[in-house]
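Note that subunit A is present in both complexes that follow, paired respectively with subunit B and with subunit C.
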Partner chain A sequence: MPQQYTFGKATASYPDVPYEEKERLFREVKEDPRYEDFLYGCYECGICVSACPSARFYDYSPRVIAQTMAREDVDRFYEILAEDIWNCAQCFSCVRCPRQNNPGGLVTLIREVAVRNGIQETRDVLQGYTRVIYKVMLKGNQVSPDMLQPDFFPDWGPWVASFRGNMEIWRQAIPVDTLRGVTDAAWRTADNTLRELYTIWFETGNLDIIEEVDEGLYELLLDVMEEELEDWE
Partner chain B sequence: MTATGFIPIEDILQKKRRPVHRPPDQAHAHDIREELFELEAKGEIIVHRVPEPYVEVETRFGRKKKIPIEHTWHHKSCGQCGHIPGYTSSIFWLHRQFGLDYTDPIDQTSCTGWNYYASGTSNAVAQMAVMSRNFAAAYEEGYYPLIHCGTSFGHYKEVREQLIHHKDLRDQTRRVLEKLGKPLVIPEEIVHYSEWIHVMRHRIAERQVVDMSHIKACVHPACHYHKIVAEDAIYDKEIYGGQRTATITGLLQALGIEVADYSTWFDCCGFGFRHVLVQRDFTRSFAVMRKIEVMIDEAQPDVTITHDTGCVTTLDKSQFAAKAHERRVGVPVLSDAQIAALAMGAHPFRVVQLHWHSTDWRPLMEKLGIDWEYYWNEFQEDLEAIRRGEALMTWEKADGVAIQPN
Partner chain C sequence: MSEGTVLIIGAGPAGLEAARTAAQLGANVVLVEKRDRVGGTPDESNYAKLTHHFRDADEAIGELAEAATSHPHVQVLTNSQVVSVAGEAGDFRVGIQNGAGAKTVHAGAIIVATGFQHFDPGRETQYYNYYSFSDVITIADMEGMLKAHQVVRPSNGQPPERVAFIQCVGSRDRQIGNEYCSKVCCGIASKQAIEVKQQLPNSRVFIFYIDMRMYGYWENELYWPAQEQHHVNYVKGLVSEILAKDDRLLIRGEDTTMGRPMEVVMDLVVLSVGMEPSQGTRQVAEILGLEQNKYGYIQAGGPTHIDPVATSRPGIFVAGAAARPSDLDDTFATAGLAAARAVATLRQPVMA
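Coming up: the complex of A and B.
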């Protein structure tokens, strides 16, 4: 039975880790060169919370993000890293901040660290999401018509089923040359363009990041990209 | 200072009596292009200049922004092309109607920002390299980037600032681009298609064939358009007193549409990036309770107009489940490009592709006096011809004015 984290938020659904580990993760966020662009100080005025959509529906506050980072409260930081960051809608309404803080940007940096370190809660959160990662890394598009499936979008109603029955013909009936007939991507992309994109994923270490959240997906992407790049060379 | 260390009261009063001459229209507005040109002078980057003809418009703090009219490289949007293709085809149709030179590249990837904001499964240099690769492709083709997606627009502007301010990240990005044989190019301006529509709005209105003066619309300004790098969005003192972005609203006013205000105009649509794909309880609730219901209660619009991929999808698709819960919904959602194209007489299905939208758009068409059944039947004939292998849906078929003046 893993040890439960018992202070801070009312309910914690993740195991605690040693303080030194929290400190190490905290330092990783602070060492990002963009960190200094995102946090200047906090008046505690709450304008970010008043504008935040997630604050209305979740136990979430962009002000707490800014405050926690400024105060270097590493225990609360770990709560944020394990849970809070995935509530943020990344709309950046919070950048109305009179101190020009960017709590949404801080969330992005913390998410990156959580992903890079393969934090279990992050792996869990992204489990249902990996098909998007697969699509964006291989096709250079994030969504495509063939992702619109009734099983994934039951709440969008009968339109999705009707669309599935017509997808092939509707895609043929688009006047834009780069879209016409394409169902597995948003538009037709040149092969060389995709090879350049794969090179970017390799050269920037982006592919290694995927290994931390889903080893199976990583292996699949690696195989396809390596083969494609070998043929190119 | 006196010996006591206090400033004499008379000195303070004297200073207060001195009038301050600082007219706001002459105040210095930060111009990121100055830093771009400095980097170019050092040989670090190439700045892609806005081609002529262009129109200068005012941004939030007064900086003049150049919006190119033609010779544009269309940086398409995944969500628009994948799920709302009438959005994309309307943008192109408008360009074609005005006979403007543009290119629709296949040497383009997504900005990958949607995934980045949803999952964090990337890093700064990868995001910079993806952006710069696309910009280099546009530069090499000799066309100027026009960004279709609001997220790409906001994301690229933030990434551009980071590239400018962090030499380490810039050097790393340049090394990646060298592997691709591409230069590090940054455009002088990052331009959203809705800004192009904004500067074209009077020309669009001159060619309007569908009367829209009896229509009421609510406007949803996209967060990533006017919030991420807020100072770069278009503002106009004549529109909302310069207190909100002028894009979309300027167009609607030019078309004679009544723009109806509602109290939650600043709220996001609920898209959430990750949420819309895998945690839509949040998306649906927010879109309905904080946007659509408020619009209905306060403004009773015939349509909601927005200017970004995620906003159209979220506001449109979220209404079905809410209807099952007897919430107050039923407002069709279109982009500014689609309403502009309809106003100029674009075919509702060949061009505007209304059949990709969920919330019932038929009452709006009927109120506009557009016989949607006639055009739907025409489109069904197109589909039959495609099925028989007799014809493709090409611009030859979709170009031109389909709707007769009402």
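Coming up: the complex of A and C.
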């Protein structure tokens, strides 16, 4: 068994996996060609944490991300892969690092590995985003106001029902003329744009990634996209 | 052109540099050395490489020794010790003892360059079981192993897989009495960590520290390369104890920035022992009647408090680690300044 360099016991809320599996995932992150530009070394100054909006609200530290990767602390890395990465807003405020590290970029790489490997914790986290992904992939746009339904957005808290019930009033309050009153446009997208979009999803392997984390969603998207592309041809 | 004599006590880097400079400035130099050869602690303690460009220590100190001792105005007295001093600036009479007997040297100025010694981790308490566990060594011991290209666990002669450096051993410690920072150990440990990784690429090397004090160019020449190219692990938090575990060493402490206790197995633990005034520094200070600070170093500063080579006695100057923990830059800088002041004293004794 390889010598581990984790101190103390992790209080993880997910099942542990063999050390060799953690090492494999760790290597996959480090082998990314972007890695060497994202991490030099960390002297633990904490400037990334002070700049990080997520760190103010969650048990999340970009310093720990950089530090863990630099120290090759494989056990802590797995905790990060299973949990921490989803607390990052990917705003990249942390890139003001005096060592020119990019903790947010490291999170990007770890997320990609987590998704590519269909990690159970990643599937669980992304479950709540199914409708967002659905909308983005099929319409090329974010969630539209008319999609606000309490059932689909439990993480928005108890206010969702109130938002939905008073959508007209809320929209009136938006101080941008072009958005005022729009509740049901649902972001209509031109056929040509859709076809280009779907072609991109296929060609870049994006759909394969969706398949790893959510097979049901994948089937759903595949049906719509294939039909649209067939019509086109 | 010769305008009198500067007597220099100690032929380590400080004494050699002071001798060279004083001679180049036109003085006669008498260089008194207790050991049978010049070179000082880098030579006596088998230093492998210097922090400056990882230069071979023997070679670099050898060049300095050659430059100093080959100068026609420098007379070297080895196996010799200063036993008395009388007179004042411009007219000292220094008693010197060696195997052959005693003699008196007339000197216009004196430079004390008697240096430091490595903190002994078993001196007061059995610090980290240094004298119990053969795989607990000091950075001075490590120099010898690096020099021989034989970095091994003394207990079994095998190369270590995991090496830990523990910083501030005998420094920054009120209990020990050495409250000061020894200044060089962060750089030395980082240098040695790099050398260990170069000689044993598959080893894992950790440095446990309170603060990493990587002054000036040590940041980019040692600290960053150690982390970025050699993957040395720096952990903020000192080790509280070292225990035997099977045939390895278990170290305990806190990983402070990760916020958790640590308990890790190591094969070799290197204590980054700090500097203390050498026995020679303490003795010479007594004999010359020089004020010492509470740690035993020769009190520098003079009446202005800002002169790094002035002692409490006019005409007597201090160079290098006899006055304070010093790296080689400090040592050469103060040695050159002490030489300049000493030569100035020969020319204008009343100004001393």
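Operating definition for what follows: the second predicted complex is superposed on the first by the 182 of 233 C-alpha atoms of A that agree within 3 Å, B and C clash if a C-alpha of one lies under 4 Å from a C-alpha of the other, contacts with A are read in each partner's own complex, and residues count from 1 in each chain.
Rule of thumb we're sticking to: a residue touches a chain if its C-beta (ideal position, glycine included) is under 8 Å from a C-beta of that chain, and two chains touch if they have at least 3 such contacts.
Remember, predicted model here, so these are calculated numbers, not experimental data.
Peer 1: Look at A:Gly41 in the shared chain and tell me whether it touches subunit B only, subunit C only, both, or neither; answer first, second, both or neither.
Peer 2: Only subunit C is touched by A:Gly41; subunit B is not.
Peer 1: With both complexes superposed on chain A, which partner does A:Phe92 reach: first (subunit B), second (subunit C), both or neither?
Peer 2: Once the two structures are laid over each other on A, A:Phe92 reaches subunit B alone.
Peer 1: Any idea whether subunit B or subunit C touches more of subunit A?
Peer 2: B
Peer 1: Would you check which partner chain A:Ile174 touches, where first means subunit B only, second means subunit C only, and both and neither mean what they say?
Peer 2: A:Ile174 contacts subunit B only, not subunit C.
Peer 1: Should A:Arg71 be classified as contacting the first partner (subunit B), the second (subunit C), both, or neither?
Peer 2: In the superposition, A:Arg71 contacts subunit C only.
Peer 1: Where does A:Arg27 make contact in the superposed view: on subunit B (first), on subunit C (second), on both, or on neither?
Peer 2: neither
Peer 1: Which of the residues in subunit B come into contact with subunit A in the complex?
Peer 2: For this pair, the touching residues of subunit B are 76-83, 85, 88-89, 92-93, 104-110, 112, 114-126, 129-130, 133, 137, 154, 158, 161-162, 165-166, 168-169, 172, 175-176, 179-180, 182, 223-224, 227-228, 230, 266-268, 270-275, 277-278, 280, 282, 284-286, 290, 317, 320-321, 349-351, 353, 355-356, 358, 379, 382-383, 386-387, 392-395, 397-399.
Peer 1: Give every residue of subunit A touching subunit B within the complex, in rising order.
Peer 2: 32-34, 37, 51, 53-54, 56-58, 85-86, 89-93, 95-96, 105, 108, 111-112, 114-116, 125-126, 128-129, 132-133, 136, 140-145, 147-148, 153, 155-157, 159, 163, 169-180, 185-190, 192-194, 196-197, 199-201, 203-206, 209-210, 213
Peer 1: Please output the residues of subunit C touching subunit A within their complex, sorted ascending.
Peer 2: Interface residues on the subunit C side: 161-162, 204, 212, 223-224, 227-228, 231, 233-236, 255, 257-258, 260-265.
Peer 1: Can you tell me which positions in subunit A touch subunit C when the two form their complex?
Peer 2: It comes out as residues 3, 5, 7-8, 40-44, 63-64, 67, 70-72, 76, 99.
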